[in-house]
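Pasting the structures in now, so scroll down.
Shared between the two complexes below is subunit A, which pairs with subunit B and subunit C, respectively.
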Partner chain A sequence: MMQEKRKVFYIRRAIFLIMAIAVAIPLLVKISMPIIVSWPTRDLYEAVEKVPPDKIVVISNNWAAGTQGETAPQTAALIYHLAKRHKKFALWGWNSVQGPLLAQQIAEPIAQKFGLKYGVDWVNWGFKTGSDQMVRAWARDIPGTMKEDINHTPMSKLPFMKNVRDHKDIGLIVEITGSATVGTYIRFLYGIYRTPIGYGCTGVMVPEAFPYLDAGQLVGMMRGLVGAAEYEELAGYKDGKAGKRMAAQSFAHMLIIALIIVGNAGYFIARRRKNAHAEGGQP
Partner chain B sequence: MLKHRWLLWIIIFAAVIGWALLLFLLGKLRSREKKLIIIVTTFLGGLFYVLEFFFPGKLHLFSWKTVNNPFTPFLEPLGQAFMVIGGFTLLLGVINLTMVHGGNIRKLKKGWYNSLAFFVAMLAMAFFGLWDAYGKQTTPFGKTAHEIYLSLFNGALVSLDATMFSLLAFYMATAAFRAFRLRSGEATVLVLAAFLVMMGQVPMGMWFTHGLPTEGSLSGFRTENIAMWLLGIISMSGLRAVNFGVGVGALAMSLRLWLYLERGAFFEQEF
Partner chain C sequence: MNHPDAWVIWIGVICTLAVYSILYRENPVFRFFEHVYIGLAAGYGIFTTVTQVLVPQWGIPLFKEGKWSWIFSMLIGVMFYFVYSKRHVWIARWAMALFIGTGAGLGIAGFVTEFVPQMKASIKPIWHAPWTLNTFSFNNLLMFITLITVMSYFFFSIEHKRPVLKGSAQTGRWLLMIAFGAIFGNTVMARVSLFIDRMQFLLFEWLKFHQPY
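Here is the complex of A and B:
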């Protein structure tokens, strides 16, 4: 029994070590892999391209540091695209306090690179609490609900907000999240006002989003880290992190597949030995 | 907008006193009366949103009178009220944590030093975060506070949060090795589908079928296209059915809660 426990102990630690090496090597050594763009990402890209110049894009950052491996590159790729096309955008979040702060750190260097001015070309409304009811009120009166931005500047003092009143001034909302928050926008923005909704989510949430994508309630989607890498490819974002991290994810996926095969091989061999032993033991 | 600033402070003071008095009076009521207030308040709250949603934006009566939805103007003030209530829940969480961890320190329970670490971390983050948001950042202390806040947020909070989630990858690898067993036909189909989706999501997996054409009938056998077919057709159909079921169940449960038809430990307890 003790021998079995020790065996399991060492096997687990060996797997942890192999996984660490498999993920670390691609991050330390530059390994570039070709990215093939899928249709959900392409649809989202084209939806952003189609946003009229007199409307804004709202990036809803309902993600936290725990999911930043996937959601941060998605946010960065989207902001890069918007900045490159000089489309006005606003950041905010209502489910995670960290989201708007982390998005601000991503947006500042990109906006500076393209000469975008805060308060004129882009703003960060910060974190607002209140969930569904607050979002409904926000859709009808954005300045009245927001009151001030992340730097406590009143809405009336921001040139960006001059022509932004309600949902009619929003050309696209892109929800980037690691939680099930897109339903709020689908119910209260798309459902009532038909505001286009885009989506960026973690890999595990992708299957749940396909019904909405198929029904047209979502105009496009970035599927986890691979979606971010595809979006970087489309937007021409060479300094993006997603492309570099895809090598690490590739190694990790292949390792898990190999572990499943090895685990099952061991299982079948052990079962055959047990059956042979049982047959041999019969009188 | 109020003409005089001091009027705002009087209104705030009056509201605090008024609500404190109301809570005091509610505490004096009997259990049955409290339950009745909860039932009526829940019903009226739900009724407002139901009526607001289903009542048309403009209703034409008798061709010479148009009536606007009378409930819609109240959406914004209610939305802002919910934001305020959301702020209360934050304070409620802090009070609860303070009571629990304060009790651990006071009684010197096992692991009391972890509770002490909690207070140090919470107060430090709150102090430097509030100073960064509302304090003067032009003074030497303001600049130092800003640097400390950034170190605590980026260096501690964000890094630790990401670390906790990163552990998932290692546990998933060991779970895949130990738990994924092909004990039946269904398990085999599940594992095969998982293989194809995982391979179709990463460039290394897509490389296996990179020789196939990107268009035409053979393109359907590329790993990324197989993965998208599994996600977009097979999995989506099942999930849509699940969503319908969940939606109908949620509607039924909401109706039961709204109309106070639900029974159980919480709904039967005395207040």
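Here is the complex of A and C:
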């Protein structure tokens, strides 16, 4: 019995080690894998393309460091696309204090690369608490609700805010999140004002998002890391992190599939042996 | 992204390895860092509540801008603390009733705008004029079968013994299993993505391996 327990202990640790190796190898050795863009990502990309020049895109950063493995590449790919097309965008967050801060770190170098000026072409409104009630108020009066940006600059002193008053000035809101927050935008922005909502979520949340997509409540969606890689492909973002991780992701998935097959085969073989042994042992 | 200082990377490395040490076995290093994270999150939460909520959104309007009506929000907040008094617990109930009422009102309004369109979207034509192969939707048929069979699985008023209901409920159960498999697959994908992020950090930012891409 003790030996069996010891065996299981070592097998588990061996699996963890094999997984680490399976992930590390494609990161260290260049392995090119094709990225096939799925329709939810393409729809989101096209929705961004269609935003008229007199309207802004709002990136809602309701994510934190815990999910940045998926949400940070999504944010980067989206900001890259917006900066490349010189579309005005605003960053903010209301579910995670870290979100707008981490998004700022992503946006600064990309904006610099495309010569975008902070406060004119893009802005970071920072974190604002209040959830549903605040989002409702924000939709009716953006400068009045936000009051100041992340650097404590009053809204009135930001040239970006000159023509931004309420939901009518928003061409698209993209909610990037690791939590169940998109419902707030669906209920109080899309549901009331028909403001288009895009979505970037972690892989865990993807199945829950499809009813929103099917009902037309979301214009498109980035599905976890693979969604970010697809968006990088569409936006031509060569320095993006997601595309480089896809080979490692695929290797890890192949390993898991192989382990499931081996595990199940082992289970059935062991059961057959046990049954045969029991039948053989009968008088 | 900005390149962090060496000491920031080292802190990140120590935290990452300490958390992953649980994969070998439960140990004091993991437990220490677990407590550090909880403490940090609680402290950070209190700090941000004070600096980003209480001071700018309540203190400044009340004390600096002279918006005296904000005093009522404090009164309602204080009412919650009467939950600790057996004699005056009714005061806390009033505050709770107010919040539950607000929540329910918002919830009902939200239900109409959030879920009614989804219910509408789940009833789509399977086949329509001019009744050719192109106008037949297998997706909509599958969705219809799934909807009916899964709902019958959760129909508990009649025992699932009659052949129609039994067959439908069993089909619904199988379809639910497939859905759970898809959800679990997405969960695995998400967890692997987070692991890759940490692995990239360890390999390239800490160990400085050559990036082949």
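FYI, the second predicted complex is superposed on the first by the 283 of 283 C-alpha atoms of A that agree within 3 Å, B and C clash if a C-alpha of one lies under 4 Å from a C-alpha of the other, contacts with A are read in each partner's own complex, and residues count from 1 in each chain.
Methods note: contacts are C-beta pairs under 8 Å (C-beta built on N, C-alpha and C of every residue); 3 or more make two chains touch, one makes a residue touch a chain.
Only a predicted model underlies this, so the values are computations on that prediction, with no experimental measurement involved.
Superposition of the two structures on subunit A leads subunit B and subunit C into a clash. In the overlay built on the shared chain, the residue A:Thr67 is in contact with subunit B and with subunit C.
In the superposed model, A:Leu28 lies in contact with subunit C only, and not with subunit B. Once the two complexes are laid over each other on the shared chain, residue contacts for A:Pro207 go to subunit B and to subunit C alike.
Legend: residue contacts after superposition of the two complexes on their common chain; A:Arg245 is shown touching subunit C, with no touch to subunit B. When the two structures are aligned on the shared chain, A:Trp138 is found in touch with subunit B, with no touch to subunit C.
In the superposition on chain A, A:Leu259 contacts subunit B only, with no contact to subunit C. Of the residues of subunit A, those at positions 16, 19-20, 23, 66-69, 105, 129, 133, 203, 206-207, 211, 214, 224, 226, 249, 252-253, 256 touch subunit B in one of the two structures and subunit C in the other.
Interface residues of subunit B, counted against subunit A in their complex, comprise 72, 75-80, 82-83, 85-87, 90, 133-134, 153-154, 157-159, 161-162, 164-166, 169-170, 172-174, 176-178, 180-182, 191, 195, 198-199, 201-207, 224, 228, 231-232, 235-236, 239-240, 243.
Listing the residues of subunit A that touch subunit C in their complex gives 13, 16, 19-20, 23-24, 27-30, 66-70, 72, 97, 105-106, 108-109, 127, 129, 132-133, 147, 183, 186-188, 190-192, 202-207, 211-212, 214-217, 224-226, 241, 243-245, 248-249, 252-253, 256.
Taken in their complex, subunit C has these residues touching subunit A: 1-2, 23-24, 44, 48-49, 52-53, 56-57, 106, 109-110, 112-114, 117-118, 120-122, 179, 182-183, 186-190, 192-200, 203-204, 209-213. The part of subunit A that touches subunit B in the complex is made up of residues 11-12, 15-16, 18-20, 23, 33-36, 38-39, 64-69, 98, 101-102, 105, 128-131, 133-138, 140-141, 144-145, 152, 203, 206-208, 210-211, 213-214, 223-224, 226, 246-247, 249-257, 259-260, 262-264, 267.
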